[in-house]
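Below is one structure, written out as structure tokens; comments come after it.
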Amino acid sequence: MLNLQATIGAGREFTDEINHEAGTDINRCYQCGTCSGGCPLFYAMDIGPRQVMRLLQTGLGEEALRARSIWICATCDTCTVRCPREINVAGVMEALRIQARRRGYRIPAAVRKVRILTDLFLGSVRRSGRIFELGLVQGMKMRTGELLKDVGMGIPMLLKGKLSLRPHRIRGRAEIERIYRKVQEMEGGSR
Amino acid sequence: MSEAIKTAAPVEGEPMPAELKTAEIPTRRGPAPGDPEFLGALRDCCRSLLAEGHVQRIIAYRETPDSLRPEVAFFASPEETGDLVWDLFCNTNICKYLLDYRTFEGRIGVVVKGCDARGVVQLINDMQIPRDKVEIIGICCPGQIDPAKVESAAGEAWVSRVVAGPDSVEIVTEEGTEMRVPLESVLTDRCLSCRKPNPPVADVVFGEDQKGRISDEVFEQIAELERMSSAERDAFWNRHFERCIRCFACRNVCPACSCTKCVFDQQEPDWLAGERNQANQHFFQITRAVHVSGRCTGCEECDRVCPVGIPLRLMNKKLWKDVKDLFDSPLPGTKLGVRSPLVMWDPKDADSFE
Amino acid sequence: MKLAYYPGCSLCGTAREYNISTIKVSEKLGIELEEIPDWSCCGATSAHTSSPLLGVALPARNLAIAEEMGLDVAAPCAACYHNLSAARVKMDRDHLLRKRIEEIIDRKYRGKVKVLPLAEVILSRVGLDAVRDSLVHPLAGLKMAAYYGCLMVRPKGIVDFDDPENPTKLDQIMEAAGGEMVDWSHKTECCGASLSLTGTELCVDLVGRILERAAEEGAECIVTACPFCQANLDMRQAEAATKLKTDFRLPVLYFTQLLGIALGLPAGELGLDSHVVDPRPLLREKGLI
Amino acid sequence: MPVNESAAAEAEMMTEAEMTTDGASGAGADAGTGTWEPRIVAFCCNWCSYAGADLAGTSRKQYPANIRIVRVPCSGRINPQYILRAFQRGADGVMVAGCHPGDCHYTTGNYYTRRRFSVVQRFLEYVGLHPDRFSGHWISGSEGEKFVQTAREFTEKVRSLGPNEKMRDVL
Amino acid sequence: MKRIGVFVCHCGTNIAATVDVEKVAESARHLPHVVFATTYKFMCADPGQKLIADAIREHALNRVVVAACSPHMHERTFRKAVERAGVNPYLMEVANVREQCSWVHRDKPVGTEKAAALVAAAVAKVARNVPLESGKLPVERRALVVGGGIAGIQAALDIAESGYHVTIVEREQSVGGRMAQLDKTFPTLDCSSCILTPKMVDVGHHPMIEICSYSEIESVEGYVGNFEVTIRRKATSVDPDVCTGCGECWNRCPVKKLPSSFNMDLGHRPAIYVDFPQAIPNVPVIDRANCTYYLRDGKCRVCEKVCPTKAIDFTLEDRLVKERFGAIVMATGFQTASLQQYPEWGLGTYPDVVTGLHFERLVSSTGPTEGKIKRPSDGKEPKSVVFVLCAGSRDEARGRSYCSKACCMYSAKQAILLREKIPQAQAHVFYMDIRTAGKDYEEFYMRAKEEYGVNYIRGRVAKVYPEKDHLVVRGEDTLLGRPVAVEADMVVLAAAIEPRADAAALAQKVGISYNRDHFFSEAHPKLRPVESNTGGVFLAGCCQGPKDIPETVAQASAAAAKVVQMFSKDALVSEAQLASVNEAWCIGCFLCQPVCPYKAIQPKEIEERRGRDKIKRTVSSVNTGLCQGCGACAVACPSGAMRLNGFTDEQILAEVDAVCL
């Protein structure tokens, strides 16, 4: 049996933090389901954006941190645009993803690749200031073991010069490194 | 005499006639003040008006022992007009005396220069005297001389006589010494920036239309005040309002102030208390200025007569500038039948409210 | 008129043809593009989904450089336009954030720079009449479906290029280029490109839905202004067709490529050879190349 | 003059002294904490802004108690001399509120308010009153929230300016 | 000798909770002229009013201050109470210590101090009040009803039945309004025209009712009891006295294909038309914008030729008719939202996406499809129809935060009609909350689900798009927690009810206020729902807010009762707080005259002694019949000669002084 006034009390602080980060107010949500209905990836999610809002409203926000949905969300903002209660739904999903990472929650296996790609992407930018696409794809293959994925696509793109072999390093690389460190200091984040 | 323009007194049901017929300036013109026969022609005109019964009284000026300060005189018979005079020392605005003649049986003639004539028109627009009861004898004013400036130019010596030329003035002192100074240096302050020296409405006019002197000096002073911080402006006006002795000369000389029972004289409601603290001084000055805004003809008599020299023109002209910017209305007293813009409205008015 | 050009990482790699056609079309239309010196990546979705500050700081560096150049920024790539515009708007709204970002990127940023997608530059600064006047091969008979995707039009307030539900600006440009535009319902339905490497089977479903609707409305090709959408719709088209047990050959082109053809630019220079679904047969059939 | 049974001769007019009420605490001192609290007089038109203030009440929306409302039938009834009087008696800020132009219950009342106060507002500023101490608003009967918002913002603005000395003549 | 009594109300706990009423009464006792101060739990109740009466007797009070709720609530109540106790009602002032003090300041000491100040202000003001008598106003016992829908018809019938003349001004060709467009009505499913047309006929033939159809309000002058309304009788090109409504003209008119707005553009009508067969008045009008005679100067004239009674007269022009009325009932009804801000639903893009009113026309026997439900795109019979509720309503993001109240019920009805006419068709309803707050409403909704198998899906529709030959409606079934798509041949959007497009402009013409959504504002939502803030103007139907037919009819009869109540008195009690002139101070400058909105100021010759002789002069004077007490003249008068009783300069200055100290 869920003791609601307890969970609401306990979860209030977390919900307020998410409200602050997403710059919105989840208590306005009247559970109409437009966000889930319009979400292109809801069918692949374990709990839809509407249910995530409900969890946060009832203080069970922590549960959302363990869900696959916050990693599947493509931040396409369809939900935010159509929400009749003007809630930044995509912002909430993004804030939950950041909180999950910051609080070190285990990421469900099925969506772990999203985290791997994000780390590879940010690592590549940190090193050379721009994305080294080939390095990214190889990094994904190494870290996920799917060596033959899209191999058919790779060769023609190479031939058409769409995949440069060397990363394009910018002069201001030190600046980018400094930005990463500064952000880390300010956010005290666990990268 | 020109046929008097019939102005309907307030008729039952329609208090303000839709459009008073604005009198065109008549073709009959007398000689200009500078002209030697000017004074004779003026006296003849007044004498014949009285003699032929067109008017029963004429308000003009008369000689006094102090030749720099002629006095206001009320001529009732043709003979008296012998010592009627008009020279460049006729600063006093005589139009307000018409208020004493509201119930006078008969017509009244007034000898008025540009600013005085606007006062007469404003009194007519304020329904205080009907247009057909006033014979306006207008004079295109070359600019009035400030006696104080002449005396300071003459230094210690007593001034016995002054002969005003077109652009210079000859001062003759008791000891017989003579000195010539440029006209501009002795003109009354307001005449230095007078844009409308010619009577806008008159039955007969003496002299040709004068250009007047364009100077934005007062508006520059206002702009400078507007640039100050509110604390500086507060200090500026405190310093001036402090000196006000509440003699009410500014109110008593103003053609737009025609109330018989002024708010400042009322006990109930107790608008203005007697004590001369900064609150009451502010209340008096601000209320007086706001009451006449939209009807002030810009004659600046108030500024001239203020015994303690408070720059009232800086207040009146500021209000006039804002009224003109906001409502684009004509200068009060220049057109018959025009009411104050503050008793009208327009859907497209500017809006300073949120 | 002169603009600071921000190509973005994709236009230097997989979306090479978008870069070439953008530069060529801009020259033809008199838009002077000066590449932002030493620009860096805008962080795409990875930055703002990992750290709010990083998501603003990375684009802010480029905005600061553009501000030094004193030029508004033209960003053809929808993702870069979204991130640059989001950074600008967030810093406009939150004075404290602007101060912290200035500290992070160690550069002055006063927020005087506007960010425009290339389509907006063509529409508002060049004008459709100028495009019509310089047509050489109007795209007569070519039925196109304009696909806007999500980043370029959503959310309102962060990007204000066009209506988030029913955008029409790309349609207007391509109609000015003589093409026939199809009115269809999935113009702004998300194609899931950010999951192309991490959730490929999801992409296939989403791509399938979009292409099915476009084909049903009689479109012969898809026109877009987003390298993510182009890559996703192009590369996943075959898998989507097999999964839906139907076949549709809808070449996915950048609007600058087709605009280039309409403006008479040589086909060879527009990178028409670098698509998975080859557009050249269709274009030859229409007599455009 | 705390007289319960007023034995004073029936003076038709109020003498100045009688006006003082030692019942209410000194002007401006807040009953609770004793720190300075700005006194704000709001002239509200009966049909719109006064009704808006009522709506703020029925919706239990909180706003600073510094605002004290004087009801007038129409914003067109607000005489600029009332503004001067309020500052004289110790007000630190004065608000004038009426119906939106076009909505006036008497059709044209607020058009004159708009004209009159666009002149008076500039003139008050010109003679040295700080512009943030006087403001005008159009608030309709259904804009309870706007009344509260305006009340809060104006109170804070006046609070930041401190007590008003100009034209103050508190007995 | 002023003896003031102060009565501070607890209002239960509404005031007493956050204002120390005893302390307020105590501080009031020290105010000048206050000889008695007390508090009581409910001043407005009988015991409270009795308390005032007793105190007046015991303490010989001649002025009263009641510190309670807003004067808008009980000023009238306390004035009557004071009057019954023998004191002039205008020697009573209300201090608003509830809405403007206790309810908006929770801190008790602060609230108490402010309440004391407000009471001090009321006492200072009442000390300067003078006894006033309200005058008598003549009443024009003729009512104007704006709008000929069911609200207007019901109001008109009730007023006329009470023996007073009523003029109905209806913009369309016929009365009937929205209800004429409906097929069946909930919850009884009886046919709309069967219950409406008899009333229309009554209105058509009632001796006391004049119908000005195809007409609009041009301007409204005057005030309660004495409105002067200019009505624009638009030119119909048909002489109503001669026309018998035989129908020859509209059957033979060559211009056939004009979209019929009555049928929501689903059907067509000729250039000379009546809205629907049972139209009252049964006299057609010519649509001059599309009639060949007017388009190609003088051609065609078929209707003129075929008309047996020669009723056609192309030369008729608009006529401006000026009439006097004592009361006005606003019954201008509603329109459904255009939903242009919702491209994701495709209304206006996909032909098979329609609104509730379109569906009513499709299912109505007088409709374009004679009652057979057919898809607008290809005329096929729909096998699956989706009804979408809250289409535009309850959506603050796009400008409409309110619930349109009637959609849940009429959508259920439409689903039932669909299932009755096409038994094998499926009816789905996407909803957020079903609201059946009426008698037999919930039972009707249950019948739709049980008896007619209507499928209710809890979820707000996210997108509607065409696929092959049908539409797909996408959303989430929030009870299942899964994404759902419903293939539909037709989608019916229950579009939000909003006021007519020109409601705001009409409100300004008549002089009544309206809210953010342009619904007319009622004087008090609970206590005076059918009165506007402007005396003599009453409200009925959806123009005041979304509602269904039963509520509309109830409001119409209520408004009629108010009108009849007004007419039943021999004269109207006029406002007592009017302007008056202090003739001694008035200099006759007439600055007051142009600012008076009611032209109530006229010149007056008076005789005065000036020294020995008598003089005659002109001063201003106020026509108490026209003056409404706005006070603009009092401010325009520099000397203060023009006074507004009840709000004189002395009173307001006293209030300002008390409020500031």
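By letter and in written order, the chains are A, B, C, D and E; residue numbering begins at 1 in each of them.
The rule we apply is simple: a residue touches a chain if its C-beta (ideal position, glycine included) is under 8 Å from a C-beta of that chain, and two chains touch if they have at least 3 such contacts.
What you see is a predicted model, and the numbers here were worked out from it, not measured in a lab.
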Touching chain A and also chain B, the following chains: E
Partner chains that chain C and chain E have in common: A
Far-end chain from chain B, centres as C-alpha averages: A
Chain pair with the higher count of C-beta pairs in contact (B-E, D-E): D-E
Greatest separation from chain D - chain, by CA centre: C
Chain A-chain C separation of Cα centroids, rounded to whole Å: 22
Where chain A and chain E are represented by their mean Cα positions, the distance between them in whole Å: 51
Inter-centroid spacing, chain C versus chain B (mean Cα positions, whole Å): 73
Distance between chain centroids, defined by C-alpha means - chain B, chain D (Å): 38
Multi-partner residues of chain A (at least 2 other chains): 43, 78
Junction residues of chain C, two or more chains touched: 165
Touching two or more other chains - residue numbers and ranges from chain B: 263, 268, 270-271, 342-344
Touching pairs - complete list by chain label: A-C, A-E, B-D, B-E, C-E, D-E
Residue numbers on chain E that touch chain D, as the complex places them: 1-2, 26-33, 35, 70-72, 96, 98-101, 103-107, 109-114, 116-118, 120-121, 124, 127-128, 508, 511, 513-516, 521, 533-534, 577, 595, 597-598, 628-632, 634-636, 644, 646-647, 649, 652-661
Interfacial residue positions of chain B with respect to chain E in the complex: 9-13, 15-16, 102-103, 126-128, 258-263, 266, 268-271, 291, 339-340, 342-344
Chain B residues within the chain D interface of the complex: 225-226, 230-238, 263, 267-268, 270-271, 273, 275, 277-280, 282-283, 285-287, 289-290, 293-294, 315, 318-319, 322-323, 326-327, 341-347, 349-354
Chain C partner contacts - residues on chain E that touch it in the complex: 342-344, 346, 349, 463, 465-468
Chain D - residues contacting chain E, complex: 1-2, 4-6, 10, 14, 18-25, 27, 30-32, 39, 41, 47-48, 50-51, 53-54, 56-58, 60-63, 65, 68-74, 76-79, 81-82, 85-86, 89-91, 99, 102-103, 105-109, 112, 116, 140-143, 148, 170
